Amino acid sequence: MTTKTYCWAIIDAIREEMARDDRVLLLGEDVGAAGGAFGASRGLFDTFGPARVRDTPISEEIIVGLGVGAAMTGRRPIVEIMFMDFFGLCLDQIANQAAKTRYLYGGMFSMPLVIRTSVAVEMGIGPHHSQSLESWVGHVPGLKVVMPSTPRDAKGLLKSAIRDEDPVIFIEHLALHRMKEEIEDGEVLIPIGKADIKRPGRDVTVVATGLMVGKALAAAEILAAEGIEIEVIDPRTISPLDIDTILASVAKTNRAIVVTASLKPFGFGSEVAAQIMQHGFFDLDAPVVRLAPPFTPTPFGKGFEDFLNPTADKIVAAVRELLA
Amino acid sequence: MTTKTYCWAIIDAIREEMARDDRVLLLGEDVGAAGGAFGASRGLFDTFGPARVRDTPISEEIIVGLGVGAAMTGRRPIVEIMFMDFFGLCLDQIANQAAKTRYLYGGMFSMPLVIRTSVAVEMGIGPHHSQSLESWVGHVPGLKVVMPSTPRDAKGLLKSAIRDEDPVIFIEHLALHRMKEEIEDGEVLIPIGKADIKRPGRDVTVVATGLMVGKALAAAEILAAEGIEIEVIDPRTISPLDIDTILASVAKTNRAIVVTASLKPFGFGSEVAAQIMQHGFFDLDAPVVRLAPPFTPTPFGKGFEDFLNPTADKIVAAVRELLA
Amino acid sequence: MYDAPLDLYARMMLIRACETQLNDVFARNLFPGYIHSYLGQEACAVGVCSLLGDGDKVVSTHRGRGHYLAKGMALRPMMAEMFGRASGICGGRAGEMHAADPAIGVLGGNGIVGAGLPIGAGAALGMQLDGAGAVAVAFFGEGASNNGAFAETLNVAAAWRLPLLLVCENNLYAEMTPFADTVAQPRVAARAAGYGLPGETVDGNDVFAVRDATARALARARAGDGPTLLELETYRWGGHFEGDPKKYRSRDEEAAWKARCPVARLRAVLLAGSDADAARLDAIDAAAEAGVAEAIRFALDSPLPEPERALDHVYAA
Amino acid sequence: MYDAPLDLYARMMLIRACETQLNDVFARNLFPGYIHSYLGQEACAVGVCSLLGDGDKVVSTHRGRGHYLAKGMALRPMMAEMFGRASGICGGRAGEMHAADPAIGVLGGNGIVGAGLPIGAGAALGMQLDGAGAVAVAFFGEGASNNGAFAETLNVAAAWRLPLLLVCENNLYAEMTPFADTVAQPRVAARAAGYGLPGETVDGNDVFAVRDATARALARARAGDGPTLLELETYRWGGHFEGDPKKYRSRDEEAAWKARCPVARLRAVLLAGSDADAARLDAIDAAAEAGVAEAIRFALDSPLPEPERALDHVYAA
């Protein structure tokens, strides 16, 4: 076991996969000699050289397009879009090209492409560096969408993503970059499409994604002191969603809260609520609660973000209300 | 009263508003001398001239950006993105710029921008000309999203959109372009944010959008013959959603189906289901049903589309099942 | 790869016959959807693709049949794909704007104007990493050259010296809008210099001129000297799609361009040279017509795909 | 609009003082978030904006303070905005990358590289329709010139003869990546020709050279002759943001560029000419320093916005 930060876990995953398979490439802004805008590719340029680790211009559309074309010709590219907020510049390549190529051509092409990106919720950088836009890609068939909440999950999911034959959107949480966890030294592979029960409980099912998982666990501690045991489920994969694990939990708890940094309308909370309703309606004692920031852009500054985003205290309050 | 097609209703709306307010402009591919790729700007170039009706290059990002900048300097632009499938090329200007400008600057700017676009569901043109992507924009605060299902609604909503101080995404349904309706000759203004009960009923609430409204009404006819009266609600505006009208209906019917061309995950059906659950859970006798195409891209050809998309028959079957 | 003038002629005639007969089929209401005709541009596809091997990749557009046939896609499955039939090369699900064939390096058409350019660069990156001297070719229209994707592609291809041919078929119109109305500088090739790659404009209706320019660009690409932007001046005989009334241009202009017919020009050259006599060429014409007619019959006789096939291939099995 | 050399100097010194003192504040951990310093580029903003009237519009970038101050944004509300305070010009919600002031034509910074260019074209369209001779100026970095938005903007602006100045501040780096590593042709102005507009490269550290080029471009724009691309060669003294260790460049390179300090150069010119003596300039320096210090105090003393304000202005009231 070695203690790793979320950031180093990502680097390890890429390094291991690049060493394992020389078809793996890394492309993006500042990913090369600079080691990544957030340090998440440190050392890779030195190890694998400029052919396989390439700095791109600030050209988001072609960054993804390079990945699509390279994947169609036998490579396994990892491309980086620095912030998920920039997806509006490259969503055509993601949603119309990468996502649809296998389908369109009747399975004649594979699309082993990983699109790494970062969400900077809670960093106070303002409206263009704060959006958790998993809904945009979760709505697109052909894509897989992954949001790791711990270093080990990040490593295991990224390695699985790189080996996947389908395009995977890999969403890193900048506010988690320094989080530490012990990770076993051998191969770590976490399956895409499988939720993780981060803490078992019996009273309320709390589904939380990415950065919100830690808050849900903190809320669980507070509530446990009151004798309330929430079950914290981290879906880890947004699409395809492991609804079975969630339903099994709801069958036990009869109550659910979904905590997200993504906004409510058309958000992950709505999707989970709709699916719980569809498959577990008669297990529910109360409506599924969506805990999410209000429907506004994110202004500059931590003060606003603390106000807007779910916190452990807000989760505690929501659980208490749901049980009242 | 004059009988108008959906297409001419749109032209009328633009013509009336351009005549009324010379700050109104129309920009887009082929909108000028050619009168629009689908004929939806016929005559406007001749009437208002090349300064106010402009053909653009195939440059979706700047088409929207021109609208943003012109709106910030006192104009009321209507810009056209030929198919909604192309939103991946301009979503940054839509979601990060148009949607956030008022907010970001504390209300110092208005953004009276209309983004007209077309959805070609059921036209058989394949994966890049078939997507109903209202989820992408419905998820973005600051935008309004409108989907008219009849000529009169199209006219009245478009005129309201042009007079609105906020950016409005106006989604036209190509398969409705030839639909006809009588429209009164005076001013027609339909408020944004207000749902319309297209057919009252007592047994099941059917919420349908755009092209699906007609199918729901056809289903209503079939069901009425069996003594089943469905209430067909056309939200007309996707965001902000008039949930009150839907809830009032569900309070009466205790059952709801949402019929969309948008795909299920993170789709309009999920959003409506989640909101009905949140506010009307104890009114529900059964889970809200989402009737939507399966989670796939759209292949070429009408045969596939008929299979994938909701039809009157599928709605009838869903209603019967819900009442069984 | 095919070099013999008669082979070039045969391939151009095949495209010509295909486009002509499809228009007839369309006029008889037997075609499902839009036809984006390649009529008039045959020398472009054939000039470029005749110099490519199966290992070389081609990225096409919404107007792709010329490229598919020139690159060697088998006629029947190609045709059946256009009609959306189960016997189509993609099972009839890709349709008129989208056929592909990885076996011969056709990476597909595209419904999004300009979107093939970044993908072409990605394929060229694949070829560069393979190191086997293969290239990628991205075809696109002059209308696409106004899209941001074009500029990003020129820049990256040049900066990385990718083995990429950027082939612009400048047919003067993008849908109903004349290219000249959307630009201040109408020479597409002139945009290359700003990004540091060579740009060349050639007569796209002269198959030999296209081949010469392609050969130069290929030599550069295969030698590791990077991309070239080729602008092929040509004309779309039909409307944007069949049925377009073409109000945006004059019948005189159309006649002038038809007088520069690429197929007729090649035929004249062949007849003037010693290669072939009229009978030989007529036989080629007849074979092309017959082959196309047979392929269309094959397509029309083929069943539509089972609708349930729509559920396949969303993800890897 | 300000023409007097001493006014130019005062404005450049104001920016210099602002950037220097903000770095100190940052070093003392009193700044909330990132600082994208404008240090070293003062002549660009002042050279261009000194020729603009309040009716002319400016679209800025993530590195915008120089533009704001040069265009005349009041110091205290500008500064308070940087600190995210309620007394900021946008109520403290826009922050370090985003201030705007419609009263003087500042349409805002941008967190999305390149996104200001299309908006600038839209503002220029507004000015063209107003017909009053006003122009729009879009500032951007050389890194942004690799984005598709840049090319689309050049093309539309030229095709429509928009009264737009495209002002590229080429400071050689985009974040940690040298511009030269991402292009085959590093002269940004050379991209103009392909789109049919004039492009000019000038010394961005010489405020008079910047003004001369701007004056030419403005004359063209105001006369209805369309846009100009100006490339101003300059250098970002700091890192991409404060705290960036700048491993991607040498201290020698930094020293060489600091030797070309735009403020010192103007000062030398002024001292060599008859306009001012050192005491007068020192007084200007002191006033700038004092004003900035006062503005920073004002900002730090101002309350943060009430968090509930986050719920305002999503839609028009």
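Each chain gets a letter, A, B, C and D, in the order it is written, and its residues are counted from 1.
In the analysis below, contacts are C-beta pairs under 8 Å (C-beta built on N, C-alpha and C of every residue); 3 or more make two chains touch, one makes a residue touch a chain.
Given the structure is predicted, the values throughout are model-derived calculations rather than measurements.
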Set of chains whose contacts include both chain C and chain B: A, D
Farthest-lying chain, centroid of Cα atoms versus that of chain A: C
Computed distance of Cα centres, chain C from chain A, in Å: 40
Centre-to-centre distance between chain D and chain C (centres being mean Cα positions), rounded to whole Å: 45
Chain A and chain D, separation of their C-alpha mean positions in angstrom: 36
For chain A, residues that touch 2 or more chains besides their own: 56-57, 59, 61, 85-86, 89, 92-93, 96, 103-104, 126-128, 141-142, 295-297, 299
Of all residues in chain C, the ones touching two or more other chains: 93-94, 98, 110-112, 146-149, 152, 155, 159, 181-183, 314
Overall pattern in which the protein chains touch one another (line/ring/star/complete/other): complete
Contacting residues of chain A [partner chain D, same complex]: 29-30, 32-34, 37, 55-61, 85-86, 89, 123-129, 294-297, 299-304, 306-308
Sites on chain A touched by chain C in the complex: 25, 51-52, 54, 56-57, 59, 61-62, 64-75, 77, 92-93, 96-97, 101-110, 141-142, 144, 164-166, 240
Contact footprint of chain C on chain D as seen in their complex: 146-152, 155, 158-159, 161, 181-185, 190-197, 226
Interfacial residue positions of chain A with respect to chain B in the complex: 61, 85-96, 99-100, 103-104, 126-128, 133, 135-136, 138-139, 141-142, 239, 241, 262-271, 273-275, 277-278, 281, 284, 286-290, 295-297, 299
Chain C residues within the chain B interface of the complex: 32-34, 84, 92-98, 110-114, 143-144, 146-148, 174-177, 181-183, 247-248, 304-305, 307-311, 314
